[in-house]
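Each of the next two complexes has chain A plus one more chain, namely chain B in the first and chain C in the second.
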Partner chain A sequence: MSVNGQSAPGPKESTTPATPGAVTAAASPSAGSPAAGAAEPTGRTAPRLRRAVIVGGNRIPFARTGGAYTKSSNQDMLTAALDGLIARFGLQDERIGEVAAGAVLKHSRDFNLTREAVLGSALSAETPAYDLQQACATGLETVLGLANKIKLGQIDSAIAGGVDSASDAPIAVSEGLREVLLDLNRAKTLPQRLQVLSRLRPKDLAPDAPNTGEPRTGLSMGEHQALTTAQWKITREAQDELAFNSHRNLAAAYDAGFFDDLLTPYRGLTRDSNLRADTSLEKLATLKPVFGKNLGSAATMTAGNSTPLTDGASTVLLAAEDWADAHDLPKLATVVDGEAAAVDFVHGKDGLLMAPAFAVPRLLARNGLTLDDIDFFEIHEAFAGTVLSTLAAWEDEEFGRTRLGLDGAFGSIDRSRLNVNGSSLAAGHPFAATGGRIVASLAKMLHARGHVDGRPARGLISICAAGGQGVVAILEAL
Partner chain B sequence: MTDKYTQFVSQGPGRDIARKLGLPQPVVLRRHQPGQPLVSGPVLVQGGGSGADALASTLLSWDLDVRRHAVPKEKLGAIILVLDELGRPEDLEKPVLTAATSLRDLAANARVITVSRAAADAENPATADPAAAAARQGVDGLLRSLAKELRAGATANGILLSGGAGTTSPSTLGALRFFLSGRSAFVDGQFLTVGSAEGQLPADAEKPLAGKVAVVTGAARGIGAAIARTLYRDGATLVVVDIPAAGDHLAAVANEVHGTALQLDISREDAGQRIIDHAVERHGGLDIVIHNAGITRDKLLANMDQGRWNSVIAVNIAAQLRINEALLASEHFRSSPRIVSVASTSGIAGNRGQTNYAASKGGVMGMVRATAPLIGSYGGSINAVAPGFIETEMTAKIPFATREIARRLNSLQQGGQPGDVAEAIAFLASDAAGGISGEVLRVCGQNLVGA
Partner chain C sequence: MTLSQPVILGEMPSLSKLYVNAAATAARRRVLGTQAGDGLPAARHEVRGVKASVENLTAYQHLIGETASDVLPAGFIHALTFPLAMSVMNRDDFPLPLLGMIHLENKVVQSAPLRFTEALDVQAWAENLRGHRAGTQLDLVAEVRRAGEDAVSWRGVSSYLAKGVFLPGIDKPTAASAAADFSAPDPTALWQLGVDTGRAYAAVSGDFNPIHLSVLSAKALGLRRSIAHGMYLASRALADVGAAKGDAFSWDVAFEAPVFLPARVALDISTGQDSDGAWRRSDYVAWNSRSGRKHFSGSVAAL
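Right, the complex of A and B next:
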């Protein structure tokens, strides 16, 4: 319900009283949400909403594709991430309310990936699970969906997660071969079978490997972003600086032991293998551009300021407060609200990865907040250009007026609050696993910060996704 | 799992070949399994005093098959030699030589246990006149020699009474149960001093640690993982600790023992507080801490560098000292707290190439003795266990010939299992051992080197 694709910011209709915004307003008087004034419903019983808290998380280190996890399947990695979470929080034989996870690159045999991972884990075999898929937003969407179930009282505990392997990616047979094989299965006699086989052509034998290209444009994600990066005139220097900060911040977080209770080693890796603690702006400046080389203007996107293909898995333990208390578990933060958006990139109206630029203003407006009310920004670094284009759009008066329907620019953020413990440029980005990585890390940061100006510390998550989509969320410290 | 040689000579033609060639003939040791009887066969209690009588009736109440006089040709599970009333060396003759006639009737994996008074009783030195002290110290030499004479997995160990402990004090009985049982399989030729009448036998002998919250450091693998499994079997709630880099193995252990994994470098300044906070917040308290984490950085002293020396000292002893400081200062570690540290026979006998390691492990023993009175003021205890040659991933890396010699150089002619160390630790962590503190118990099969 929080991710309901609302089309405009502003107060909601009063017929849907049980918005997360209303709950927030009731819980903290300072949050003057426009939805707070929603009237009590008449004629039906409103669901009693309660808070969904983040207990903690666990992920395995992310590995560059073709590296440490080359031989690991999605199910292996998700099971490992689950088992580390179970060990951290003593959940052995526990029947969790529900587990939801997903993968973007998925074998057809993994139709029940999450349930199979649960069965292979130390959880009770009576724990139900479902798969979810929303491209790179998969991980965050599992958190929002399960948090909503907790808020509604449908479940008391949940594990959200995601996994992806670009190393162990599914390879499909070509359409031609697939049709022949299916027809062959239906053929009853030998002549019929021979007739079907005779349709086979050599080109049909070439496998159909997955790629990150958009089906409707044929452009890869990088080429799409290159268009957006150029449109918003994002410089090479700015992108390299963002990438440099990501590596520096992530390395510092590891050195400070920040990930000691967020990560469990796997297959010999104890840190994300993409992390270059010793990188420098000079080194990044030497890399050759890889995307946008045919755009006329100078290409700015390199392997250094773009996220590489990565393998990995992450999980987040969510709970109702009383369940966490009964199990003597920590409560780091609450899942306040979330919002999904999509843009029409097919006709070039907006850039492929620009949906969060719309989702965030809507989400903040619904919760009566501005960018100034956010203490930590976690903007997923699909490409440095994605983050910088989003920020540029928010700072642009024209964009604010014409595209967001505001009086002027949406606003700018305090850069010292952005991705303070590093993000995907350094850690890597196993598509569906990124949401869980960010949610668990942000929850820990918020809990450590505690209160700011008498109110709970607040964090914003923004994740762009293929298909012109984006999912964003607000977390608050406990 | 026993080593292949032991399997080979334990049965069939292998046994005959080994016997004819005079090769070592280790046997598969009796190790504790839940539900197993304490001892297999009748228990002969030798000794005529009131202490022996009281002990014999207690053993009867445990439903053991107790004999006060040997029945000729009857296979015995154990001989308990009660020598608590020795006044002069001559007093040894009658009970010892009477017991001697039964030695050939000992069953495989039988036990001989002496119960005598400590020669030097710190609390009451005046009571020990030279003749009594001579007799008491005589038991030490007698027992250690006898242990080397026993065959077929049989062991001999002694209980020393001091500080007001008697033959039926809780920890005397606790130690007796430990020595009789398969839990002490690889403990041989050793003494445990019961220093007080403190301690309490468990309500359920199979779950002596029920209701206790225990922390085990270095629990990701090897001896640490075995300790976690044994404490879990004995009823404890586990917090398993290891460095973050060992987190995957640690998680597997945590899930196996239904505990929680705490990825923590114990040499961090705040490690003690982090351990206390975790145990209290997640499990409501902290009763037992097992200092098992340790590293080796072997080098001859002439080639020793600062890094090797310092890292071993930092992890193996400095970290334990700092954590103990935090524990003793914490109001959450006040209810019969128990600390057990893993020392090493290297720290007792020395080992070439291990000056740093032996210094750290010697340090552990010094720390344990000095900490005993401090933790005793809270009704707690602290002890150490010194393993000898234990079959672990670490010792599997020793070159074959060296390893084969090292593993046979003890009275049981085989290496111990990680579980053997764990059993000794589980006993010392239990309330049944509450009257035992400041002790170092060797789990080495009576290794020929060292004390």
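Right, the complex of A and C next:
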């Protein structure tokens, strides 16, 4: 596959999906003729829909858990990211069409987290907001949902976002104490209350901390990925190399000033605290495996090629073109299309984090595209093994035929287009904030690239999520 | 064995009274040196119009990880029928000591869904007394019908071993069936079982067998620590199989090494489908995640 996206007809035909049953393949006339589709948004959607554009984004630097944001709540961080966005684009007292954001680790008192952040921000208090929660896909899903509202003409402007704090995680009381407290609330007389209280046992006072286990399997996400990593025979060396590239690319992006207009310092941080600009393959090779130690195959997943628990927040400003023009704001890219998928991971039919391996082929087929038509791949690095397993599945003939319903392998990607400014292994991964980080960065990269072979530069985002889910999206340069 | 008219009990017997009575019987037999006889009692015990408590059902479903529907989980029905089965083993003419019996296997056929709102007729009896290399084994059978109906909706066969008890006239098999070498596959699930697992299941099943309750009570009966209840383990595996099994299915489990608490139990569930992709069966096997020792295995299959 060539670097310039000039793919020869031969390989393109071989990788064009053979419209499997799962794919709703609409007519895609411009699939092979980039010039014809240059000014049109790619996709099958009705022609009357207007475009949703990405104006820009803002996030706070991501901090390793227990670091600079230890005492900062989700609401603190989301408000900080929001206020930075407002300052950057002059949105003080502006009534935005809608704000959507979410957190994965969320206390029940934060039922209106996003609205509360809006009320604490410089936006007009008449800006409505809603919370969304789709595990690690939360951030990208807020972008897709709000972009759809803009496309439909329901709103003209929107802010999408996400936040997570592993440091300030909610801790629940034990089930025993919870039941006693609820029953106590229902008891009417003193004897009834005493009777309820007498049920309390010392062990009921121990708190119930959140854990990272999948509810239906009891396996942590890392252990699930270790199974998938072993299944796809991903080597330790390949994982360490991906992690190394992530740190190298992110460090280079900071040095080049790439994040200057994407990030607002917070609590003394000006860069993501997980970034190790001086890491090396040798250093990564010394780390001991942490996941998959009880499996038959050798354990390959370390703290270096897995994302750490992280705190942080991100936001993205979306708009209809008219609104952006009227406010004299930049238009970096359009949100072309998105797709969600889920896999049956519970009994191991597919790996927990493999849903994007199914979502991307469906999304590209619907838009008449192949992997060769993508100039930037942003595949979220939950673990290096996740990215590499997904790529391995796409390159696998058997997987392509039996699972994707294609004639052969889905295809391979040009690695020089993958996560070119670093990704979660280096930046960290505050679950719901990752989508906003990627969308804002990719929009900026696409805008800078402009056109490729007479068509707008095109980027693909892929984010895996707990519960066997994944959300993917296509953006195009403006 | 000819079947006699059922002995109809007015209500479901109390398990705690049965355990106390069993202990007393054991002591009496030891002091007097009496034996109850060589054959199984022919009597069937029956309770009519049994209804499940919805609070109990909800607590059971939450503990086991079952969907909290109005349908009684197959393992819940086992717990519902268990006191009646125990009452058969508690009869004076039952030849084996009830306390210390080991649950070897359990087979259930759920032919039709039963809801907590329905009145149920429950019958239980003992059959199939036979030799085992380590003692004597038998089956306790329970059947559940909707009140007044002939069709059996749920049938359970529990095989127990009275270890070290050899009755006259019952041959013991000469050779132990060779235990196949077990090599643990990659797990699909991991259970963290705390020390209170036994007590939690006792609370929802009503089976306060001391070997499950605490280290002390288990030690009193000769175990080094308390062990998880077999039907808790099998019921969780059944719940893990999920909704694919539908309303009518068979569910088997064979117990091997006991699960001493606390424990980390690894589980593999593999699914079998027919050519149309429809669910046919799920096979499960569980083992100690550290030692790799097999705890139990079984299957859930479409009828």
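Here is the rule we go by: the second predicted complex is superposed on the first by the 430 of 478 C-alpha atoms of A that agree within 3 Å, B and C clash if a C-alpha of one lies under 4 Å from a C-alpha of the other, contacts with A are read in each partner's own complex, and residues count from 1 in each chain.
Quick note on the criterion: contacts are C-beta pairs under 8 Å (C-beta built on N, C-alpha and C of every residue); 3 or more make two chains touch, one makes a residue touch a chain.
None of these values were measured; they are calculated from a predicted model.
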Chain B versus chain C as contact partner of A:86, first or second or both or neither: first
First, second, both or neither for A:410, with chain B first and chain C second: neither
Which of chain B and chain C A:261 touches, first, second, both or neither: first
First, second, both or neither for A:270, with chain B first and chain C second: first
Touching partner for A:291 - first (chain B), second (chain C), both, neither: neither
Superposed model, chain A: greater residue contact from chain B or chain C: B
In the complex with chain B, residue positions of chain A that touch it: 80, 83-84, 86-90, 92-93, 122, 257, 259-261, 263-266, 270, 328-330
Touch list for chain A against partner chain C, complex: 203, 213, 216-219, 223, 227, 230, 294-296, 346-349
Chain C - residues contacting chain A, complex: 65, 186-192, 196, 240, 242, 266, 268-271, 282, 289-290
Touching residues on chain B, where the partner in the complex is chain A: 244-248, 250-252, 254-255, 258-261, 263-265, 268, 281-284
